[in-house]
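Order of writing sets the labels: A, B, C and D. Residues in every chain begin at 1.
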């Protein structure tokens, strides 16, 4: 009889210990970046920020199943942790927060968190909710048409599922069995509107049946559960089996944005209860339990991430503002631009 | 008379109307629990009940469509679109449905609906929280479009909009919300839809404007008076559709010089109609070509302060300068 | 032992023999009216007509469960048989077909079959597909708000279910448990687009689950099945149990409209097969089987309906055209009009 | 050169472009199986494959949204909206998305999308198959809007639209489809977007128009020439956005008299911008007030023949009459 070590849960999913360490670093970076950004907002140096706090696990978990540089990402404004997983640096994020000329999303034209990064395959997004859903289907159609081995990920909140565009986008993707994954980060509120006033069902995922593809519900605070669901959907997509709708149950810890005060509409005990499942702690605990990190390592990591963020912040703050006259550019392609770039 | 800012005037007028008439219901995103993003309806869900202050799903077309249904069945819905930039998904319901219900039914059905929405820029709203939308809707037969610039007009026009048997788009410039204060009558005064208002009398030239730009023009007119003794008449359009061409033309004929100022993208903007009307009806009364100042033709305005300034800030000086030139032309 | 007569199927549903005779008359009137209207079109006397042929049973069956003068109807252009069930007369229908001044729908302003009839509670409709769905929800909301005992019926085709408005309307109705019934007349085509290119599911009714209310599938050629489903939904609505989505599987026998030639996109044998389930014949057979009519009666009925239609047609043809100058009226309420009429 | 009508010119140009470049895909309601309601793409599903000729679900916002996604990922989608009246549900996707993608990404992304749609009235289409929609879209920075009136322009502008790196709304007046024929070059000629065209030279007055109205104007000009020897220059706008103000102003300065004619509802219509531009730039070159003729301000046009005539038919005579008056003014 040979002795066999029981595989770790992440090992069973094909994730190495280093994968886990990298995921944990991402989760932590997102959290600390949010905190730093909020401080900048309170100091009056950042007009507007959108915290992801509470959503880190579902973003990093789903993002980890995507292939950087191959797959296509359509995040929404809440996806501060996801874009890190896609390869954006904290420096790039702060360039957006400070609306600098080199902000890869928009050169300071859009509000922060309106992501876009051509090189990383992050598609430019806007404020109107759910408009990216048909885009995701269209990109997936083009991928299939061009026989590319790429998968499209499309993220949105529970609020987005009420929009007509959401319905139309999922329906098209279902009809053509497109390689696209729809991820709902269900934090049970659209700003102040509770889920019960948004839909008469418990699970957004139940709507997938109406579009002819699977819908799955996962614990959005469990990075591994999110990864597993996404990986499975990703495999399905690559195998030509079509879309999947993944619903991650999660919670937003802070206001909707730096402009919002959620105390007027969310009971404090509800928020406190949710914080007991803080995805950063959940993953930290897992890391310790599986000896992927110890107390010293955790301290060291936190310090290293903090340092990275401070440095990024300072460098971004010093970066040049956009030139006022540049506001007139790029309404249309400039002469050098060609078709379809 | 009570001194209030624009958003308070809107809140008070809407509150009083709701208290008077329980056919009025308010529906929109975050109007209930949160009392609206601009806090117009704080506490109303408790006061008027959840049935009358309805937090809708995030779906503007459905929101307006549902309101149209209510309007056709005895209610007087006031639909709030959180930001004017997000009204676009409801374009079909507004243009194809609300605006055509009376006409297409040969007068049998009506649609007494008010759609309120905060618009305009200069508040760091970037591309999607700064848009001007009046040009899209003023063109639609069957729809009325108003845009007050003062607290008294806001209250009076909102009351008229609610009393109107037809759909009214009620545009609230966000930058006027708190920045502009003024005396508001304490009674339930009405400002008739379809009437412009001379906000400053003058004799050297006529400046026609609306929305936040109106205040830019008033400010420039006042400085020009102090600096140069030039007398500018400032006409507040207030009601884009129907447009009060009589008041505008009368003023232009008196001063013989006209300029039109608006924040929206210049080309094909609402100001084009005003300029065109003056050109057709009063060209030979004019001593100088009509001057038109509109926003640059870029999508709303960017977020970064230097870029937003390019859109909004050159305006005060530009208006002053062009008034000066026109007066001397 | 007492002898008991087995109840007839319609009796079991609470329908009297006279009810059935009236329903049959409606079905037949719709069919003969369609035929007469098409002849007018071919003769160049009617620019545009929309045949309901094939849809008569699902329209009359669902319409029969509605209460005339109490309930509210939002039909779509295909609902020529339904509006007869709602109380419109053939004369009124022909006034619309000939675009006459007294056309109750629009005074000749809209294309024929764009129904509206204030007195009968038929809400004015337009051409854009599915826009009436949120209206139905809004009217149902007003009914509930005003504590009225009325139910809203809202009809549409399979094509309509792809529109964002459809999603948004059903979602709102589900959230507020409104007294509204959504009836899909699924004829498997949106003009030429087959169901397989419209949706990846077999049953539209399956989408109801995503809105938190029941969806049922019925044979749309069986007037009794349609009635039964509608009656049940109507009872639910009145009991405050909320909306129902009813999907009637049916078929359109002719072109989409008089402007369409369906031969380019529908195989002839498919049409022939569908005609074997012609709802007019199905009901006619039932009538004979249950001795509700005999051959003589059927002949008599047909003659009587034909006469009624000929008379209506002739009278409508002679009715006055709208006055050209009237085209400028009713853009806005005229002075006499008050709020909310 | 080959003599064709407008719809055939469009069909041939689109067909040739599709045959040349397999990045081009056509999507819309009934474009596949049925070959389009106006039969533009009959047989193409077989010829180019189901992947390139896509029958979409009945959902305009989704249709345009999907096309935008395709455009951002290497394809050159041509989206067909069955009737312009049904484009409204896609307003948000067109205005907030297609038109802003380049600007909002600071030039990083582009959206090479063409949206084709049949518009305009006079074909018994009633309220929802007769609309003019150019005013809504010409106002949107980031979007190009063209409206050819002849077969050659239709072919040349369609090719330019497909080659354009930015979104283009391509408006096809239904009444020109079969009624207007003309010579079309057999090579792949391009008509540049942003250029107006003088369709008839003249010296007494300038008439600016587009769409089906252009033909009404040409017809009136020709009759006036025969009847009265009056020489009218007729400028075809062709491209509403960008607007070729240079060609228009140059003509107006030469003739010293201007009129603008369009089918759409008059108030806040696209013609207002043209009139306003002339008034600002060329007022002192004019010998008479600018004349503007637009459609009545009623929702599109009614179905009944006498009512539809009120909208469309008075126009020829009205145009003739107003030209005559203006020439003598």
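Some points to look at:
In this section, contacts are C-beta pairs under 8 Å (C-beta built on N, C-alpha and C of every residue); 3 or more make two chains touch, one makes a residue touch a chain.
Since the structure is predicted, the reported quantities are computational estimates derived from the model, not experimental observations.
Should one ask which of A-D and C-D has more C-beta pairs in contact, the pair is A-D. Using the average of C-alpha coordinates as each chain's centre, C ends up farthest from chain B. Each chain gets one centre point, the mean of its Cα atoms, and the points for chain A and chain D are 42 Å apart. With centres defined as mean CA coordinates, chain D is found 30 Å away from chain B. Chain C has its Cα centroid 46 Å from the Cα centroid of chain A. Annotation: 37 Å between the Cα-based centres of chain C and chain D.
Of all residues in chain A, those that touch two or more other chains are 106-107, 109-110, 114, 126, 128, 162-165, 167-168, 171, 175, 197-199, 331.
The multi-chain contact residues of chain B, meaning those touching 2 or more other chains, are 56-57, 59, 61-62, 85, 88-89, 92, 96, 100, 103-104, 127-128, 141-142, 297-299. Against chain D, in their complex, chain B makes its touches with residues 61, 85, 88-89, 91-92, 95-96, 99-100, 103-104, 127-128, 135-136, 138-142, 241, 243, 265, 267-273, 275-276, 278-281, 283-284, 286, 289-292, 297-299.
Here chain A touches chain C in the complex through residues 162-168, 171, 174-175, 177, 196-201, 206-207, 209-213, going by the rule given at the top. The residues of chain C lying in touch with chain B in their complex are 72, 103-107, 109-110, 114, 116, 118, 123-124, 126, 128, 131, 133-143, 145-146, 164-165, 167-169, 171-172, 175, 329-334, 337-341.
Chain B contributes residues 23, 25, 51, 56-57, 59, 61-77, 89, 92-93, 96-97, 100-110, 112, 141-142, 144, 163-166 to its touches with chain C in the complex.
By the touch criterion given at the top, residues 47-48, 99-100, 106-112, 114, 126-130, 159-160, 162-165, 190-194, 197-199, 264-265, 321-328, 331 of chain C touch chain D in their complex.
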